[in-house]
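Only one structure is covered here, and it is reproduced in the block below.
Per-chain numbering from 1; labels A, B, C, D, E and F assigned in written order.
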Amino acid sequence: MMKLKIGIIGAGGIATNRHIPVLFKLNEVEVCGLYDVRKEQAEKVAQLFSIPFIAESEEALFNKVDAVIICTPNKFHHLSAIKALEAGKHVFCEKPMAISSKDAQAMEDAANAAQKVLQIGYHYRFKKDSLAAKKAISNGQIGDPVVVRVEAMRRRKVPGWGVFTNKEIQGGGCLIDYGCHLLDLAMWLMDFPEIESIQGQTYELVSRDADQVNEWGIYDATTIDVEDHATAYIRFTSGATMLFETSWAANVPEDKETLSISGTKGGMTVFPYSLNKATQGMLTTTKADWISGEDEELAQLRHFVSCCIEDTLPIVKANEAKRVSAIIEEIYRQSI
Amino acid sequence: MMKLKIGIIGAGGIATNRHIPVLFKLNEVEVCGLYDVRKEQAEKVAQLFSIPFIAESEEALFNKVDAVIICTPNKFHHLSAIKALEAGKHVFCEKPMAISSKDAQAMEDAANAAQKVLQIGYHYRFKKDSLAAKKAISNGQIGDPVVVRVEAMRRRKVPGWGVFTNKEIQGGGCLIDYGCHLLDLAMWLMDFPEIESIQGQTYELVSRDADQVNEWGIYDATTIDVEDHATAYIRFTSGATMLFETSWAANVPEDKETLSISGTKGGMTVFPYSLNKATQGMLTTTKADWISGEDEELAQLRHFVSCCIEDTLPIVKANEAKRVSAIIEEIYRQSI
Amino acid sequence: MMKLKIGIIGAGGIATNRHIPVLFKLNEVEVCGLYDVRKEQAEKVAQLFSIPFIAESEEALFNKVDAVIICTPNKFHHLSAIKALEAGKHVFCEKPMAISSKDAQAMEDAANAAQKVLQIGYHYRFKKDSLAAKKAISNGQIGDPVVVRVEAMRRRKVPGWGVFTNKEIQGGGCLIDYGCHLLDLAMWLMDFPEIESIQGQTYELVSRDADQVNEWGIYDATTIDVEDHATAYIRFTSGATMLFETSWAANVPEDKETLSISGTKGGMTVFPYSLNKATQGMLTTTKADWISGEDEELAQLRHFVSCCIEDTLPIVKANEAKRVSAIIEEIYRQSI
Amino acid sequence: MMKLKIGIIGAGGIATNRHIPVLFKLNEVEVCGLYDVRKEQAEKVAQLFSIPFIAESEEALFNKVDAVIICTPNKFHHLSAIKALEAGKHVFCEKPMAISSKDAQAMEDAANAAQKVLQIGYHYRFKKDSLAAKKAISNGQIGDPVVVRVEAMRRRKVPGWGVFTNKEIQGGGCLIDYGCHLLDLAMWLMDFPEIESIQGQTYELVSRDADQVNEWGIYDATTIDVEDHATAYIRFTSGATMLFETSWAANVPEDKETLSISGTKGGMTVFPYSLNKATQGMLTTTKADWISGEDEELAQLRHFVSCCIEDTLPIVKANEAKRVSAIIEEIYRQSI
Amino acid sequence: MMKLKIGIIGAGGIATNRHIPVLFKLNEVEVCGLYDVRKEQAEKVAQLFSIPFIAESEEALFNKVDAVIICTPNKFHHLSAIKALEAGKHVFCEKPMAISSKDAQAMEDAANAAQKVLQIGYHYRFKKDSLAAKKAISNGQIGDPVVVRVEAMRRRKVPGWGVFTNKEIQGGGCLIDYGCHLLDLAMWLMDFPEIESIQGQTYELVSRDADQVNEWGIYDATTIDVEDHATAYIRFTSGATMLFETSWAANVPEDKETLSISGTKGGMTVFPYSLNKATQGMLTTTKADWISGEDEELAQLRHFVSCCIEDTLPIVKANEAKRVSAIIEEIYRQSI
Amino acid sequence: MMKLKIGIIGAGGIATNRHIPVLFKLNEVEVCGLYDVRKEQAEKVAQLFSIPFIAESEEALFNKVDAVIICTPNKFHHLSAIKALEAGKHVFCEKPMAISSKDAQAMEDAANAAQKVLQIGYHYRFKKDSLAAKKAISNGQIGDPVVVRVEAMRRRKVPGWGVFTNKEIQGGGCLIDYGCHLLDLAMWLMDFPEIESIQGQTYELVSRDADQVNEWGIYDATTIDVEDHATAYIRFTSGATMLFETSWAANVPEDKETLSISGTKGGMTVFPYSLNKATQGMLTTTKADWISGEDEELAQLRHFVSCCIEDTLPIVKANEAKRVSAIIEEIYRQSI
């Protein structure tokens, strides 16, 4: 069997903690090279994982591989992705797709022109509970979704490392970095319905305190310029609505990551998967005690590799990820 | 001591199960008479509670009393209240104040003209946890409220008695009947800030099923014409936002009645009262193991009586209840 | 509406604590008289419940009623029932149907000859969870039952009152008095399949200790002559098997009343109702958070009355109760 | 000190995951060689554990050792064991002793003739809770056992590896592979009383579904020919009875591994060890918060080694293991 | 049967809420009269309980009865008790026996002189768990007691009624009113061993705050002159020691009422009864799931009545209660 | 940066399991050598941790280092410490400071004379909960401490290794080895107030049983000559009191390590940190869900190193540790 040759662009934490170790678990794959503008970091990572080739440029990497995994800061996603697609390479790009919907559109166009796979790293869709929820909705278990609730709430956990608190590089804070996952998942479970209106507001609630109490390390409270909290309300043309909230730094009793849906025939919570129905004279709750499948990060890349090899459309489509970016963009626009 | 003479208008369940038994616990009060268009019901209740006078008309009742308790269906609230105020009587009127904001305005005007007490029955404000929350916010415990969440969710509990499912008489369903309490409480805890925009949507999710499974009795699924579910999003000029959801018939794991607030200095949940802060290098939760005070229905009427006797403004002001009615009205308007 | 006229035979605890109060909740019923060989007891009960007629004999009672409720000790069930049926009266008879299967057969024959209702008091079938289980099995939720487990275990609770410890009058102990309920329910849920073989053994484990520790009062350890524990194994011609255990006086961590079934397509536990399946890549548990319906003792008599009025066959059929008695009889036979 | 020289026969999972690592923890032991018909597997394992000698035949192994550990599929247990015993070697043989009671008898005879140790791998007897239970019964804590209950129930966990689903090689499924442990333990706790009759039935409940949901890997649903579920009822001449159930694939709420005993003076559950008594006017539960001792797999082999060195009879006697095999044989016979 | 004629002295809360209703449950007793210096209160209570005789003086009461129940404030216990004993009446006197040990001694002397029953109301000894503990210690379950711990801690519950906060009348606060029960119980379980030394300290921790938060009503923070908290350490000549703490108003997570003992052979906690041992290679906990017996207040008076009728010594002996009073007196002495 | 050169005296378990691994985490430190009277042990440890220098004598070690960590048995603490201080070295000495208060005084004097750091290893003060408690008390959260409770209770866990059961070498058992930590912490939280009197008693409760059941290995029950249990009561001149208990071998339901304080304005428990107050009409509990900081053993040595480098007084002062030793000495004196 010919193995799919893969190159890494951006050798930071996401690459080293998540994607590279996962790729080594996939038999159909060979990690052939990597590129990072920070030469030294590239060398450190290449040595750590015995990656044979350190590219001097993205172009040099393209020559050696069939596909690239893009793990750069958000601001650079579209640049690398478009270059790779134009070079005829499949692209797996970390979320969010891009900071602006215009850039996302350009990525989608490039993928279409190149007829190559472009998958965005919304791995929440590959969680076992998410897949079970998707299957149950498709089977009509809850009828049509009408009310969707999203809470992606972390208690005082502003990331104290990397560039997460820099708006120019990342495009925003908790919404574009964390809330985007749950937003994408909610939209996917609803089958990306047509939107009638979006209302949203971001906040810089607590992260500017000098005497911060923060569970995830120490950040510079004088330079952080991204939101740490956001709310939104999306109304769909079907009449459905979504209540959305995300935070990096909420003063709440505990972290909360919930997505629940009320439909015309039943209700569902996704984490953990559970179904509420009213049938046969009973109000019932069905829980999944065990779900077959594998870890979402492994499942996500296995799926990408399979799409590349079999030339099929990925589950996380460029068009969908673009719509998620557009929603985020609109919430930021209203919050200026 | 002269006792405050009180008359009852509307001798249905709210009067007999809630207000009349509570009035008998108040020493400063004498229940002097009652009026109901349903003569027979009036007689039954008068006998049950040994109320000495059954009025033939509201006017006849006014002659005997200092104040009235209005427990009629929503549609009639303003008619009785205005008549009573014009007759120089204090008025305690069940929530909602009125079906339309126009009617509510007329009630407020009548109270102002008469210089009499007009208190609306938003008794959630008198719950011990609510009072503790109000006190804590006033003391600056959470700073300025910026995100408020309300969930007033009942699981498959459409009221199967009375006129609750009749839109013409009640003005709506779960929103105007149940959600209004939490909406009023949230607005009060926020000090009734100026609203920038309201978005809302009502639903008739499940209540039309022929084979209904309903915990609170049986209603006519062919005639019910009120909503059983609603969502809303309110943006205030301060930048604060409220996420709101209410239901009579949700397919959810269990009933939920939550109100929580994230402020600039801390977070709070109201039921039960609890405070989350980040201070002194710690993330803390403060719970109230015991709160002094009495039952909210007793506290509400004790307060009304005291306002009547001492000629002071009630906690639940006409102007505030009118604003709650206006919000509800706007959500209904958008849902047509 | 003509009311069903009902007479009581046997005015002991079962009549006064269970059936008579329940009858007063049924609109379609009139309790017209009662008979007890203990004249004084009959008078006390008649006065307590304002029952207008104290019969001098069963025959005298038959003249005044349409139906009788038989609450005598087990030994007398068949005598009263057959007399009543021959007099053209409907009969509700407490469980067990009779001490011997021969007597039970005679009762069934009498009912058939008289074309009257003969319902045995196996009220466990009318529990809400039991009805839900029956419905779910009928809908094919677990496929065909293949293994059934029954545990009707009380911890040191020999009844310290009445005649429960007298074998001559009651026919036995925990098996005929308590285990019979779960045995009947299990057989009903399985649709009374054909039996291939029965194995069983009774015990007198602990109830003969002089220094008894017993939660339900004090009995005479020197005269008790009934079993306090029993096990059994029933093999059906279908290949299905039932594991059965019952006790009045087990040294176990806590009381246990369980009935569970493994079927070809799923598993079920009945108290509380819960379903285990393996579908869609998941192992699931479905619980009933709420089941519509009413108390089993009320449901049982409402059903009896309805059968009498509409001349329909009761859910607990004479033929079935007879088979339960035959199983018990066989276990006793093997234990001599 | 001379070390006991040990050889391994059968280098599959039981040898590599359980016995070999345990042997390395015993000071009195030297693992001298191993034999497996699969040469390649033998080499792999020898290298992994640095075992110095790979035998070409069982006989070649016998020349180098004092004792053998037999870890072959069930079908071959008796062949290897008898050869080893005839060669004058002590034998530790995995459970079950043999597929047929005839083969088990031959093993026992060989051990008697050779005057060598023959211990069967029923390590459940060496669990700390089992040893505590045995001690308590011996001390008379529960009097004579009269009712014994065994539930060895796994929820949808058919072993998806090895030869477990092949009847010709293993002799059966869950009963001979898993239930045998609890059956042996129960018999031991009862002191292997005389049996009056055995009733039993095996099932192939769920394991033939094409779309199996199975927690322990994937097996071939078209070739599996062993039972996945069994029930039994054993009556002893003392009047005691045992209720027995075992499964690999039950649709139950969770795995269950219980053994409990009601005796003439008290009750006991074994996992975890707990005692129920009725004394001094109290119903009591005694739990073991901590039990001294070591892991059962270590204890089992330490005991075997000690028996070899000191020429004493092992706790798990050939005669007892043979009786367990005979019970299993009888249940299979009734299920054809 | 002649009934024991009983008179009540002091018709306050203890009499009306505890002793009189309990006396009505005892067949062997007749409540013949009552006396209270507050004539009006005496009349109210006599009418409420249909007590036939309201005495003008204690002496007048003595003429009508065989025994008296003394429920006056602590200060008067000894006066009434001695008069009654001198009049030849049996005496049940509420705890504490007296404020001073001198008064207690005089009571004991009077009882001895009169040869009448004198029982003090330490009903904690009659709790089911206490009786079980006493029995277990007598049986040698824990060997000799060496360390005893008492915590009688209430969270912010100063009694807001009666004379509890008046030192002149009651002799003290939480120690003499509440802690005395646990102190007496501990001494009894230890068999009232000889004391080597007492150390103790009382506090007025929180009860003087003007803005008191108190769960048990409102008291006058300006006049309260009793302790709300106390600690003590008692060393016995055997070498055993007792750690003691009691409070009415502690700022603790929850109320605590614990008594535990470490002995030479085991440990015990009394509420609820539980035993810790180290035997047979195990650390065990034995709990009582159910204890036979009746409510302690009923048991206490049944015992008193039985002592009066059978002329036997009560379990709570005058000599013992006197020693409890002496310990309390010494703690107060050290705290001045 | 010059690193602080550190030497280890005593290469037993405390050195190898605790201090040496921790020192390797501190950047400012270099472990230069070690000394142990047991030459072989010194070599083993030096090799294990690649420590470059094995000293032949303490003096030889002093020549190479700036500071020493003393981990010898208690009896030798003062000898090594004084020599080191006289040699001009900073000293970190394991707790207890010394067996006698005289020796402790000598150590303090030596430190004062040398003007070097002398820190005792009371690392409980560096636990995150302890630091939070200290900060809260300093902020006046509970007012003045008045009652302090200490329970340092282990259930049947006599250390079965080392010299812990040898009185001559260690000076005592659970009190000097384990209870000392909590005693020191309690004294520190109270700000080491002046003592009025000490009462105390030690016990040898259970540790002499031949058939010991012990969770922490096996010790020689015939030679153990230290206490396994102790109680004490300390009265301070302020009126405050401390109730103290410690054990290695208690028969209690579970291990307990509690320190709680009632103050004039609130109550506190330290493990985990929690605060009880009565304010604003509420009884509240405040818990710390998360406390910033690091492991106490790391924090302790980081602090020591920082004191050495910056020449500041350590948190655990010689004078304080000396007072802890004096209390222990007094309790032992009273127990002879």
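In the analysis below, contacts are C-beta pairs under 8 Å (C-beta built on N, C-alpha and C of every residue); 3 or more make two chains touch, one makes a residue touch a chain.
Since the structure is predicted, the reported quantities are computational estimates derived from the model, not experimental observations.
Rounded to the nearest 5, the angle that brings the Cα atoms of subunit A onto subunit F is 120°.
Farthest from subunit A, judged by the mean position of CA atoms in each chain, is E. Seen from the C-alpha centroid of subunit F, the farthest chain centroid is that of C. Each of C-E and B-F has its own count of C-beta contacts, and the greater count is at B-F. Centroid to centroid, with C-alpha atoms defining each point, subunit D and subunit F lie 50 Å apart. Subunit D and subunit E, compared by their mean Cα positions, are separated by 60 Å. Subunit E and subunit F, compared by their mean Cα positions, are separated by 43 Å. Looking at subunit B, one finds that residues 155-156, 213, 215, 253, 281-283, 285, 289-290, 292 touch two or more other chains.
By the touch criterion given at the top, residues 155-156, 213, 215, 253-254 of subunit A touch subunit F in their complex.
Touching subunit E in their complex are the following residues of subunit F: 142, 146-147, 149, 155-156, 197, 199, 201, 203, 205-206, 209, 212-213, 215, 229, 231-233, 235, 239, 241, 243, 245, 247, 250-253, 260, 262-267, 269, 274, 276-279, 281-283, 285. The touching residues of subunit E, when paired with subunit C in their complex, are 289-290, 292. Looking at the complex, you find that subunit C touches subunit A at residues 132, 135-136, 139, 273, 280-293.
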